[in-house]
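In the two assemblies presented below, chain A is common to both, partnered first by chain B and then by chain C.
After this line comes the complex of A and B, so read on.
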C-alpha cells in the first residue's frame, strides 16, 4: 500500500499530475477564504460564531462549498451551480428530443451538452449569487445574529452589482479549475473539488464535537465519532465494490486468417449502479421548497409555515421520509437512463455474444432488465438508509444536524475517493502491475 | 479609488467569464462526475487552446489582485 504510494510519486508523469491537482486544490481553498470586497468580515465571523456552525437552511449547501458560503467569500457558491446545471440537463435529456439526439451522437454531442451545462452554470451562478447577496443584505442569512444586517454595510445598487459579478466570476473560475484537473490532473475535477470542500469541513466539526463533549474531556466523543465514521466508510466501500457478474460467451469467428472472440467475459452490474447521484438529486430537490419560502418573503402564510416546519429541518420525520423516497426513486430513475438493456443486448448480438442459457436479442434484454431491477432494489434501499442513518442517530443523541460524517458526505467522499484511486491505479499499471487495491 | 477598483473588477470579471466559456468543456456532466462512465482521455490541446489558457491565467491573476485590492481599500477607507 505505502510502496504503491511511493511508486506513484516516483513515476514522473503521474507525479506531475498529482502535484498539479494538489496545486489547483490549494488555489481553490485559498479562494474559499478571501471575502468578497464590501463584506464586513468581522461581523460575518461574529455571526458564524453565534450560529455555532449551524447554518440551518443553508447547512447542506454550506457543506458543499466547504464553509465558504456563510463567510461570503469569492468562491462562496462553490460548485453548486455546476451541479445544479448538470442535474437540470440530465433531467432535460429525457424530456427534450433534441438533447436526447445529441446524447446519442457520442463524443461530439456530449461536448455540446457540456457546453450547454457551462452556459447554464453561468446563469445559475448569477441567480444564486444575487439571492445570496440579497439575503445577506436583509439580514436573513443569520436570523439570530444581532449584527446580521450589518454584514454588508453599503447596500447601494452599484456595490451589490459588483459583489454579484465577483461571485459569478468566482464560480466560473471554479468551473475552469475543475476542468483543468479533469484535463491535466487526476480524476474528475468537479468531484475532486467537491471532495475537498466536504473534507475541509471535517477537522473543524470534529474539534467542535471534542469541545462540546463531556466524556474524558471530550476525547471520548471525539474518538467515538471517528470510529463510527470509519465503520460506515468500510461498509460503504464494501457495497460500492459489490457487483453481479452476468456471464457472456462470445462465439469464435474467423475473419480472413485471424480468429476473433471465443472468449467468455461478464457484464458487471453494480449493486449501487447509480452512485451518489440519487442522493445529490434528492437533497437538491428538497432544498427548493425552502428556497422558495426564503425568497417569497412572507413567512406567515399557511404553506410557508408548513414548509419551514417540515422541510427545513434535517431531522424532521416528514423530511426524512421524503428524502428516503426520493433517493429510492432517483436510484431507479438514474439506472434506467444510464443503462439500457436493449442497447447492450443489441451490441452483444452484433458481436456474436450471448448469455449462456438465454437466446440473443429480446430475451437477453428482458433478462438483463430483470436482473438489473432486482439488484437495484437493495442498492437503492442501501443508499437511502446510509443517507438517513447518521441523521437519525444524531437526532436520537441530540446532536447538531451538521454532523461531519453525515450520510451524504460519506457517500460522496467514498465514491469520489474510490474513483480517483482507481484512476491513479490504472495509470500506475501502465508501468507496474501491483496497485493499491488487490 | 474605490470606483476605479470596482470598475476594473467588473471588467476583469466579465473578461474571465468570457474566456472560460470560450474553452472547450472537459468532462461530461454528472455520470462522469460520480462514477459510471468510462474515462476517455483525449490528450493534446491545440495551440489556440494553450494560448487561451495563458490569457485566462493572466486575467485570473489580475481579477484576484483586484478583489484583494478592493477589499483592502474598502477596509482602510473607514
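After this line comes the complex of A and C, so read on.
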C-alpha cells in the first residue's frame, strides 16, 4: 500500500504537482519564521519561552497561524483573514441580492466574488495587523513576560506603519500561495496551508505534554495522548467515509443504432456532507469578539470583561456551547450552499435519470432535500461533539487548553489529509495505477 | 428498499414530512393518517427523530478493511507531512537565529 506513495512520485506530472506543493509549503514556513522589521527578536524569543507556547487570548489563532503569530513574523496573521473574509462573503451572498445574482451568473460572477473576497481580506489584514502591533507595543501580547513591553523598541508612527504593511503584504502573499496550490498543485490551497500551520504546532505541543506529565516521566501522558488521538482519527475517518447512497436509474435510449444509458448509479450523500468547513468557520468566528476587544483597547468596560472571561478560553462552558451551536449551524449552512437539490434534480432529468419510485423534477428535488436534511443532523452533531469532547476531557484532567489533539485540529488535519490523499489517488488511477486505497 | 421508496412518490402531496410519514408508516405497518400539520411539536419531533434513524439505517458505513486502510494512509500521510514541516521549521529557525542574533 505504501509503495503507492513511491509510485506517485514516479509519475511525472504528479511528481511535479507534489513537488510544487511542497515547495510552496517550504516558502510558507520560511515566511512564518522571518520576523517583521522593528521587532526585538531576542526579547520575543524569551517571552515565548516564558509563556510556554500558551498564548492565552491568542491561543487558537496562534495555532492556526502555526506559531507565527506570537513570534511576530511576516506571515503572523496566517490565512485567518482570508478565511474570515470568505465566510463573510458567503454569508452576505445569502443576504445581499446583488451578490446572489453574481453567484448565479456562473464563472464571471464567481470571479467577481473572489475579487471581493481578496479586497475584504486586505482590509481585515490591515485591521488585524494594526491590532496585533498595538498589543505588542503595549506589552499585552505577553502579559506575564518581564520584557513584554520591550518587544518593539521603536513605537514611532513610521515604524508601526512599516510593520502593519509588512504583515498585510504577508497575508496577501499567503492568499496567493494558497491559490497557486489550488491551481497547479494538489488539493485545496487554503486547507493545505491550514493543515501545515496546525501540523507545525504538533511536535512542540506533544513535547510540552511529555515535559509537564508525571506518569513514567511524562511518557505515560505522551503515549496516552497519542493513542487517544489515533482513536479519534479512526472515528473521524469512519464517519467521513459514511455515505447515504440515493439510487439513480438512467433510462436506456437509442441514438441511431447505439444504445446509451440504462445504467444504475447512485448519488453519494455523505453523512458529514459539509466536511471540515463548519469547524474552521465556527472557530474563526468565535475569535472575532476577542479581536474586537483587543482592537478597541478597552479592557475595563462591562462587555469587554464579559467577552474576555467567557469567549477567550477554550474550556469555558459559554465558549463550548457557542462553539457547538455555531458548528451545527454552519454544517447546515454549508450543505445548503454547496449542494443544491433542485440543480441535481434538474441535471438528472436532463440526462434521463430518476430515483426509482420518485418522479423526476420537483419531487426528486424534494426527496433529496428530505434525505439531506435528515442525514445532516447526525452529521452536524458528530462534528460538534468531536470538536468538543477532547477539550472537555482535557479540562477534566487539567490539561492545557490548546492541546494539539483538540477536536478542532484533529478534524482539520484528518479531513484535509483524507481529501488530499483521495485527490492524489484519483490522479494515480487516471494513469491506470492502483492507488493506495484498495 | 424500492417498495419503501415507492410509497413516497405521492406527486402533489407537497411537503416531504408527509411523504416520509407515509414511508415510515408503510414500513412500520402503523395506522396511516392524522391530518397533516395538526400534530403536536413533540409528536413531530419524535417523527423527525425516527426519520433520522431510518435514513441512518440506509447509510453505507465503511467496512473494517476499508476503515483500516484509509486510517493507515491518513496517519502515514499526516506523519510524513508533520515530519517534513518539523524538519523545515527546525532548519529555518536556526537560520533565522543565526541571521538575527
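Simple rule for what comes next: the second predicted complex is superposed on the first by the 434 of 438 C-alpha atoms of A that agree within 3 Å, B and C clash if a C-alpha of one lies under 4 Å from a C-alpha of the other, contacts with A are read in each partner's own complex, and residues count from 1 in each chain.
Keep in mind that, in the parts below, contacts are C-beta pairs under 8 Å (C-beta built on N, C-alpha and C of every residue); 3 or more make two chains touch, one makes a residue touch a chain.
Because the structure is a prediction, the values reported are computed rather than measured.
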After superposition on the shared chain, which partner residues are touched by A:207: those of chain B (first), chain C (second), both, or neither?
-> neither
Regarding the shared-chain residue A:90, is it in contact with chain B (first), chain C (second), both, or neither?
-> first
Is A:168 touching the first partner chain B, the second partner chain C, both, or neither of them?
-> first
Could you tell me if A:9 is touching chain B, chain C, both of them or neither one (first, second, both, neither)?
-> neither
Please indicate which partner A:230 is in contact with in the superposed arrangement: first for chain B, second for chain C, both, or neither.
-> second
Chain B versus chain C as contact partner of A:219, first or second or both or neither = neither
Would you sort A:191 into first (chain B), second (chain C), both or neither based on which partner it touches?
-> first
Touching partner for A:35 - first (chain B), second (chain C), both, neither = both
Based on the superposed arrangement, let me know which partner A:119 touches: chain B (first), chain C (second), both, or neither?
-> first
Both chain B and chain C contact which residues of chain A?
-> 34-35, 418
Interfacial residue positions of chain C with respect to chain A in the complex | 1-2, 5-9, 11, 16, 19-20, 48, 51-52, 54-56, 58-62, 66-67, 69-78, 80-82, 84-86, 88-89, 92-93, 95-96, 100-101
Spell out the part of chain A that touches chain B in their complex, as residue ranges.
-> 31, 34-38, 74, 83, 86-87, 89-90, 107, 110-111, 113-115, 117-119, 122, 158-159, 161-162, 165-166, 168-169, 172-173, 175-176, 178-179, 182-183, 188-191, 273-277, 280, 338, 412, 415-416, 418-419, 423
Within the complex, which stretch of chain A touches chain C?
-> 1-2, 5, 22, 25-26, 29-30, 33-35, 41-42, 195-196, 199-200, 202-203, 230, 233-234, 237-238, 241-245, 247, 271, 355-359, 363, 366-367, 369-371, 373-375, 377-378, 413-414, 417-418, 420-421, 436-438
How about chain B: which of its residues touch chain A in the complex?
-> 5-6, 9-10, 12-14, 16-17, 20-21, 23-36, 39-40, 45, 56, 60, 63-64, 67-68, 70-71, 73-74
